[in-house]
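Going in written order, the chains are labelled A, B and C, and every chain counts its residues from 1.
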Amino acid sequence: MKTPEADIQQAINDPRLQLAIYTATGRLIDHRAAVVSAEALPDYQALRNEANAIKKHTIENLDYYLEQLESNMIAHGGKVIFCRNGEEAADFVLDLAKKRDLHMLVKSKSMTSEEIHFNERLERHHLEAIETDLGEYILQLAHQRPYHIVAPALHLTRYDVADVFSKELGVEKEVVIEKQTKLARGVLRQKFLEAGIGVSGANFLIADSGAIVVVENEGNARLSTSAPKIHIAIAGIEKVIPRAQDLAVFLNLLGRSATGQPLTVYTSFLSGPRRDNEIDGPDEFYLLLLDNSRTKLLADPEKRQSLYCIRCGACLNHCPVYRKIGGHNYPWVYSGPIGAIITPQFHGVNQDTWLPFASSLCGACAEVCPVKIEIPKLLLKLREEVVEVKRRQDSDGMERFAFQLFAWIATHPKIYLLLASLGSIFFPLAPRIGPLKKWASQRTLPEPAKQSFHQWWADRKGGQ
Amino acid sequence: MTQVLERLGYQVHFPEAQTCCGQPAFNSGYTDEARKIARHFLAVFRDSETIIVPSGSCTSMISHHFADLFQHDPKLLAEAHALEPRVWEFSRFLVEAAGVDDVGARFEGVVTYHDSCHALRELNIKTGPRKLLAKVRGLRLSEMGAAEECCGFGGTFSIKFPEVSGAMARTKIESIQKTGASTVVSIDSSCLMQLQGVIDRAGLPIRTLHLAEVLASR
Amino acid sequence: MTARDQILGNVRKALNRAAGQPPLFEAAPLPAPTLRIPRSDRSLYADLFVQKFEALGGKSFRVRDTAAVILAIADLLAQKSAVASNSPFLRKCGITGLPQVHAGFTEREDLKQACATCDIGITSVDYALAATGSFVMLSSHNEPRLVSLLPPAHIAIFPRSLILANLDELLSILPRPADQTSSMVLITGPSRTADIEQILVRGVHGPGEIYAVIVESE
């Protein structure tokens, strides 16, 4: 697929959008920095190392921990449904809703559900899935996809929200943010109380406890998982961690990395339907464990570390490319650096071949990743794979020729020297040539040095 | 760089057969071509006692990525590993090997320092250049907010994604302007070239200089 | 072949593992859980809790003993309707006897209705965490989930002795919360969102006003 050049240009030339992205991500950057500093969290680097080690161990023994999770969950009265893909996940929910004669469910934020187009699948079969996270609710009404893993409506202004609410809810235009929030709260409150099913994601799956952990700030996940009689959780198989006590590592990293909060407002540790002595809570609990090609990523020993991701969004916030092109210019629901490395692995390296190259390899992402995924290294690996695909397809011949020529020149020093000295003559002409034309359009070209280093050195030697 | 080193009493050799470290090819996914170039590099510098490199990105290519390239060739892998401790980025050599932070330089003006990405994140070079600049007579260092943000060069990235690259440079230049500096210093020429191009396009009175040029000034 | 068998089969194939094989620890060891519990004076925990709780926007009261609780929250309850959990500690503090407080719910639907229409939910807690100003609530017959969730305000009344250092200490006391309850929730501040223009708004879905009443003598 070609680079979305026009869209990228549009994003860069939109000053309002640039300001929105820059200030929102800038704020998240500052908030994170404040709580992972040496004073605030002296053990930050140690925690990262531990998180990486726990994830590595778990991913490399994933079948064992999935089975442990399953058996503990069943012991607490829950049911575990393995789903090969989004269709199987949606079919299960549709089936259950049909059996219970239910036509509406409430949903809390889940990137995994976006990944499998969960809501659309349900809606096609007349099961209404209502997003209850404020940002996701607004996007649902506006028929847009999330702009950022953690701050989905980052790109919208209060005026955009006023328009969406007035159009979709038939209310008068209201631009005061607090009032907009109250409006959404009122509408959704009713839904929480009426819904027969609540669907959530899961930040972590705890193998030794048969439990899921859901973190949030609004309370919509708590309500979705406590008010309706049925709770269904959807999570990728890679979300497992071995022990509840491992949360000491992960919960100390997640909130801080994502939003600069030592803990989000609500951290729920849920292990199945309500127990015999409990008054409220769901009667039925189902965990949908999703593969959807994760086992494909798992099979690559070098790149399987992509599955360590805990979806904090820190890499997005710190990525200078994301901060310019924005979330909608990435081809999939996962954007930013993590999106750049997993999209080709899920969809195939021959799709969106521009994506692994849309990075200056600055490494800011790897520096802030709480689980130490080596993102730049994986980008390089993917670039190598794209080049190989193109070689086999015999496309991109000009670029390949250019690099082969360069390699030849760089292994023949006398030629290299000759061209370097001629370069001062030819360099100004270069911008007339295709790919360099656009590069040149952004800048005034440097003047080649009057004397190359080789010449300077030779002169010196001659003079001695 | 040669002047600075010679003033400190070092004997400097310049193997004239050197060409490139291969990073442009490596970063673009052309690992076979990068390998050829890296092999040439190993041959040229095999007998060099100490290799000083005026570039953070080249240094990290040599000391971090050559090993990746030669994973499957035990002989060359061994050579790459043997090379690693002998390769030094210029500022690191001065501060850590030569143990020097004052090279007797003089440079009048307000300067701001740009942390080039490879140097900062792959080589952990952050305080060394600042120590050296602090000892330059007449120089006032004014730190920019977001000194660690990428300039947008990224090698072929600037050719494949020129608008994004240009936008990243412009953001960087806004940070530079806020410092009131008339000179931007870095240890990577590619960053400096990237920034100078956009500076000149905008007609701003800012110049870019490599750390070595500042340290050689008298 | 079921989806379960296929997925687990794919996992094993990807990892080169056999069915029923125990986890391998050599290539990828699992660190023992590192619980970081500060060695500080427990008597300072209440101070720290209050500091963190109020920084989040909560309001706290420290009362000498259970008899002083009602007076401390009299203003909060004036002209308001409240639902209280069945916690014995609330009974001890005289909360369940108050006229505007509805308590003693044992049926889910009644409880839901009451919580959805009242102004304040009153609970105790199972623990509190000083480092983050959090309430820890385990769902049980005494403490249903919805009392601290549906009403727009939440008052938690608890003995100071229940205040732990931090999450790590909680996990050292409760290594497997699932053994005890289907739901353990850590409540750290009032419900909030910054989804629109990053402007902070409190009380989105959960309570926008939260209060802690710490009883010093218990």
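What to note about this one:
Note that a residue touches a chain if its C-beta (ideal position, glycine included) is under 8 Å from a C-beta of that chain, and two chains touch if they have at least 3 such contacts.
What you are looking at is a predicted structure, and each value in this text was computed from that prediction instead of being measured.
Touching subunit B and subunit C at once are the following chains: A.
Averaging C-alpha coordinates per chain and comparing to subunit B, the farthest chain turns out to be C.
When chain pairs are compared by contacting C-beta pairs, A-C ranks highest.
Between the Cα centres of subunit B and subunit C there is a gap of 52 Å.
Here the CA centre of subunit A is 32 Å from the CA centre of subunit B.
With centres defined as mean CA coordinates, subunit C is found 29 Å away from subunit A.
Subunit B contributes residues 2, 14, 16-20, 22, 24-34, 36-37, 39-40, 44, 117-118, 120-122, 148-150, 152-169, 171, 193-194, 196-198, 200-201 to its touches with subunit A in the complex. Listing the residues of subunit A that touch subunit B in their complex gives 3, 5, 8-9, 12, 22, 320-321, 324-325, 354, 356-364, 366-367, 380, 382-388, 399-400, 403-404, 406-407, 409-411, 413, 416-417, 435-436, 438-439, 441-446, 453-454, 457.
By the touch rule above, subunit C contacts subunit A in their complex via residues 2-4, 6-8, 10-15, 17, 19, 21-25, 27-31, 33-36, 105-108, 111-112, 116, 131-132, 134, 139-141, 144-146, 149-150, 167-168, 171-172, 174-179, 181-199, 201, 203-207.
Of all residues in subunit A, those touching subunit C in their complex are 20, 23-24, 27, 43, 46, 50, 53-54, 56-58, 60-67, 72, 76, 81-84, 88, 132-135, 138, 151-154, 156-158, 161, 177-178, 180-181, 184-185, 188-189, 192-193, 206, 208-211, 217-220, 222-223, 226-227, 237, 242-249, 251-252, 261-275, 277-281, 285, 289, 291, 295-296, 298-299, 304.
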